[in-house]
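Below, chain A partners chain B and then partners chain C, in two separate complexes.
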Partner chain A sequence: MEILNAFQYALSPYPMLWILIGVASGIFVGAIPGLGGGMLMALTVPLTFSMDSTHAILLLMGMHVGSVSGGLISATLLKMPGTPSAMMTTLDGYPMAQKGQPGKALSLGIGASLFGGIVSGIFLLALAPPLSSFAHKFGPWEYFTMVLMALVLIASITQGSMLKGLMAATLGLLAAMPGLNESDGQLRLTYGFEAMDDGFNLLPVLLGIFVMSQIIKDALQINKKGVSVVMKKGERIFPKFQEWKKHTVNILRSSCIGTWVGILPGIGASISSMVSYGIAKTFSKTPEKFGTGHEEGIVAAESANNANAGGALIPLITIGIPGAPVDAILLGAMIMHQIQPGPLLFETNGPLVWSLMTGYLVANLVMFLIMVFSARFLAKVVTINRAYLIPIVFAFCLIGAYGPSNRMFDVWVVLGFGVLGYFLDRAKFPLGPFVIGYVLAGIMESELRSGLQMSEGSFAPMITRPIAGSFTVIAIAFLAYSIYQEWRSRTRVSSEDLSID
Partner chain B sequence: MPTRSQKPTLDLSISGVLIALSVFVLWGVKEIPPPFFDPIGSAAFPKYTAYIIIALALGIALRASFALRNTVAPSKESFREEPLLAVSVVALSALYTLSMQLELLSFRWATIVFIFLLSTALSKFEKRVMIISAVIGFVFGFGGQYLFTEVFYIDLPQ
Partner chain C sequence: MRALKPVDSYDPPRNATRPSKLLAWAIAAIGLALAANAHSYPERPIKIIVPTNAGGEVDTLVRIFQRAFQENDLLPVKTVVVNMPGAGGTLGTRKIKDSRADGYTIGVWTPGIVTSKAMGIAKYDHSSFEIIGRTGYSDLGFGVNSDSKFNSIQELIEQSKANPKSLQVATNIGLPVHLIPLMFAESAGTDFKFIQIGGGSKRLSSILGGHTDMAMFSLLAFIQYKDAGIKPLVVLSEQRTSLFPDVPTAKEIGVDLVMQDTRIWLAPKGTPPERIELIATALRTAMELPEVKKEFKTLGIHTTFGDAAELQPFLDNMLERVTPLVAKARGR
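Moving on, here comes the complex of A and B:
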């Protein structure tokens, strides 16, 4: 019954309008290389303060869905993924467009995105309520070990060096430490600066890491331009039923992979599309065609990255842990609107959470229609001059950081974290674990301190309590496996060097 | 999973900065009073986080120093990078913020000047961009002031 009411609500004029605005702006921004969904969402959060909280969350969620899909357009027509999650689409989308079939490449991607979104939406509706009930059993030790496991998982699975992933997550934890500690009301690491009493607020940190660091990078790479493929007039973009039918297994498999990777805390859509692309290639009868404009490659990458968005909402709703770095913004927005994600969300904000889940499905349908009918127009937008965009984006950052608290200190925080984020990114430190570490630091510390109070200072419940023990074992196993992988990879590189010598 | 450091000098520099930052945190932790109602208190978390950062930074530095000895030539980008423009973005953004913090300019005028100057710099003084950015600056300066204060009820620096 709740689900039907939620669908009725999501399809009513106002929520529908916000979903439409969110998806359309997400697609628009996602299509422009150098801008992204995270950037758009972080800039929009301050504008939602005066809005109804359900409308605000639907708007932001629509932006997320739209931006993941919008990246497909520039990846296909410009060989530049509009969002990192569209990187794998570039491998086959652009070659197919070069062969004179840009419309077909887009239609395959749009159709796969819709199916990916719908499959993960069904998983979301089916899994979130029981998982939320299960999470009711969690006490402080379960929460602490779960956050610990999430951080190890993010740092290990993230692209590049595991050491750098762990460092980024730990730096995120450290960035959340200064200011008033909520556990005991103690001020710490303020160094006598009154402005530091509040610490580094969530929104300025997100704006710095997601937006400022990106515009510094955009300025550095201003000469980077894609090689544009022009679409012929009247070229078909609407996907054909026969094409969908041919790729049913691939779409279902990739959507399930995308959803599953999304459920794992903190892992973004880029990894989903990489994993499903790799698996699609393994199972393909024509693996040699991958990377040359192969239909299966586009379908696998696009269905997985859209499915990831739905999967990532599951841990966010049920346990309050963002499933992907971008979901940290959604988490932040919920907290700013006095909504605390977690096991109690279904009880405290039932209508909101059902609207969010059904709204996600509606957003995917809206995305499909907008993409099909506007892809031709968006193909022209992707080449917009970044010299116009960069100053406007920073002006938005200033408004977003200054507006909520009327403190210029927060604008300096944006600049500081922007520069930090830029250097970390340049040295290949992943920024996802940083954001997740920052967002989860508060829960991690308060739950550990509560747990230690209950156990009179003993850490034994980390092992002795069944759920907490399982999380601890998984965290240790992941860490050990990652260290082994890194060591094996190093020895392989060394032996290759020796053989070259 | 590529494990060889691609930019060992940058890795070494960042490790150095992070170790210095951790030492600074450890110095700040000394000011926090001991716990009075729970076993670990407010100092433990930042203290152990700083220790972990030092350990990880040493690991990264060690790996970078090995990579320095047999450096691989970095893959060439297909475009020319513009470090001066990246510095301009940070410098002009800082000046834009400072001009409002010191109450030298209101949001409206600071935004007009900022958008014009930064677009001009990013386009390397391309005349067409300069004209369009002046128009965008005026529209965003005046329109933005109205939109954010009157519609979204967000206070902006006056």
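Moving on, here comes the complex of A and C:
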């Protein structure tokens, strides 16, 4: 009954209005590379002081949901992820849009986002307390082996030359090395530059590698390349229900992965889409199509990153642990409104908890409606001359890099990594593995070292701990499977070559 | 019609001088205004540098003050919170230190200002700043999982003495959450095994999951997460707390360690004392407001303002005790 009351509340005019404002503004900032939900929410928190606390939280949550989803727009249409979590969407969304189906690419992403949001919302409503206590079972070894498994899966994402993919990943790994080393509290590879004390941060590196490099590339081609995308006539924006049916397994799997990664503190939405993309590719009947504008790739990436947002709400609401930086802002806002999340919240402030959870579901629905109705219009962005878009994106990119830390250094990082990304791309080094190496290196290193601190230098817990052991086994199995697949496709190709001869 | 008159042909130069004259007047006026107001501080927004992300614990506290200042006109100007996270807070504190000492840039940090120096990741400590004061403090304690085999701190120390480095402490290496337990172990004559776990939520999760044995938390955390499954074994305050009357203080068990977690307001060295006093007064007044008191209570912070004179010996003492221990911290 409480659920029904809460739904009734979330759908009543006032809360609905705040959710609507939140989602719409979230989509807007999410779609702009550089600006993100975190920034929008941090700026909005002081404005909510005089608001009703539930309204305030619903507004902020709407912004969160909107911004996670908005990122797919620029990722699909411009190959520039609007938010870090939309990174994997560029791999298939952009090629599909370039093939003349921007509307379909968008609607696949939008639909997958909705499903991801709903699946995680159901977990949130039904299983929040047991899931969050199960998350504590994850210690350093579990984190490490899980990321190791992700790494093995992601190795299969690499397109083209395996060697170049590995080299790009190693370069990314190197980019993660400078700065304060968590594991011993010492500075590393800063060469005496105090600005380097924190190393290269995630947002500026991503903006540089994905967005700035694309800006440079587009800017250099501006007079050579006209409007190359020819929109397919009579394109159906939203796929029929039957067409979604074939993605059911993929959506459920990716949403569960996204939710789970969201529950674990300190991992991040970009990792959830990396993992689900890697798994979707491994299990796909047509893995070779990934990266060329394949539907499954978009669906996997987008359902995972939206599910991640719902997953991260689980520990936030049940224990008061923020799963991601954005949730820390939400937690801060709750405290300012004198709401202390935690096990007691259900007892002391039950209606609020229920309206939060139902509000999350409603926010996802609102997100879907706004985006689906604007997709036809948004899809036209691909036909706009880039000369008009580049200066705007360029400016936001630099502002976005400067914002979170208020440091000029981050702006230089964007520009520097932009140039690096441009040359890597020209030399046909894939950028995905670079960023994956960069993102995973930090977390793998610190978790492994924590684990080794606990085990006095022994690697045995990788096998002896049950959860960690299963991850290790899965990782090895995936590795063997992908080598087998690679070998099989090679022998098939070579036999085809022979037959042509 | 006017354009035909010969006289008007002289107009352009006259017109040209007009704006520049205006400009000169404007500059003069601004100059005068500046001179007249040279002693009226503050006249433009005051920047508050916060060395954490938006939403962090320190950030939340600062925004409570920002709101109180604004709603009660405690300062004649607005305050702007500037988040500069990174490198254990040293990016932010260095910015505070290097800002102009005019009272328009101040900042807030924790006793981490001392531990960063001790760890060697910053070349400066609290003595490189003017200390505005401390906005309350929260009590600290060491806690274990509710199902832990340790039921008292004595048991824990005894076992740890019998088997050195067997007790795993979840920390964030190089920060107070690492160095305070290190000081405790030193005084208790034992040795803990410190495990790098990370930020507060990860440490909590690590204790709840039984991956590590013990960690330092604020008393507020012990209240909030009681039902989630942690319990305090020892508090580091001067006296027992009414919240956990059965939990002994470190002093009672013969460990000479009294520590609090504080939020220290800093200004660049050389900031005029009257400007510091003005900000300190605003902080003091804000802390007396009922709504701030209420919010501090939910955050588990004692609402007593501490001035520089009180804070200086606390930080000096901490630096003195921590520095020799760091060689150890670096070893393991």
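Quick note on the criterion: the second predicted complex is superposed on the first by the 266 of 501 C-alpha atoms of A that agree within 3 Å, B and C clash if a C-alpha of one lies under 4 Å from a C-alpha of the other, contacts with A are read in each partner's own complex, and residues count from 1 in each chain.
The working rule: contacts are C-beta pairs under 8 Å (C-beta built on N, C-alpha and C of every residue); 3 or more make two chains touch, one makes a residue touch a chain.
What you see is a predicted model, and the numbers here were worked out from it, not measured in a lab.
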Now for A:140: first (chain B), second (chain C), both, or neither, which partner does it touch? second
On the A-aligned overlay, A:242 touches which partner chain: chain B = first, chain C = second, or both, or neither? neither
Which partner does A:265 contact after superposing on A: first (chain B), second (chain C), both, neither? second
Going by the touch definition up top, name the partner, chain B or chain C, that contacts more of chain A. B
After the superposition on A, what does A:485 contact: first (chain B), second (chain C), both or neither? first
Regarding the shared-chain residue A:197, is it in contact with chain B (first), chain C (second), both, or neither? second
Contacts of A:38 with chain B and chain C, given as first, second, both or neither: second
In the superposed arrangement, does A:186 touch chain B (first), chain C (second), both or neither? both
Should A:325 be classified as contacting the first partner (chain B), the second (chain C), both, or neither? second
Quick one: classify A:340 as touching chain B (first), chain C (second), both or neither. second
Both chain B and chain C touch chain A; at which residues? 46, 49, 183-184, 186, 404, 406, 449, 453
What residues on chain C touch chain A, complex-wise? 53-56, 59-60, 63-64, 66-67, 82-88, 90-91, 94, 119-121, 168, 172-175, 178, 193-199, 201-202, 204-206, 208-212, 224-225, 227-228, 294-295, 298-299, 329-330, 332
In the complex with chain B, residue positions of chain A that touch it: 46-47, 49-50, 159-164, 166-167, 170-171, 173-174, 177, 181, 183-184, 186, 188-189, 191, 212, 215-217, 219-225, 385-388, 390-392, 394-395, 398-399, 402-404, 406, 408, 411-412, 415, 418-419, 422-424, 426-429, 441, 445, 448-449, 452-453, 456-457, 485-486, 489-490, 493, 497
State the interface residues of chain B toward chain A in the complex, per the touch definition above. 1-7, 10-11, 14, 18, 25, 28-29, 31-33, 35, 37-43, 45-46, 49-50, 52-53, 56-57, 59-60, 63, 70, 77-83, 85-86, 88-90, 93-94, 96-97, 100-101, 111, 114-115, 118-119, 122-123, 126, 129, 132-133, 136, 140, 144, 148, 152-157
In the complex of these two chains, what residues of chain A are touching chain C? 38, 41-42, 45-46, 49, 133, 135-140, 179-180, 182-187, 194, 197-198, 201, 265-266, 315, 319-322, 325, 328-333, 335-336, 338, 340, 342-344, 404-407, 446, 449-450, 453-454
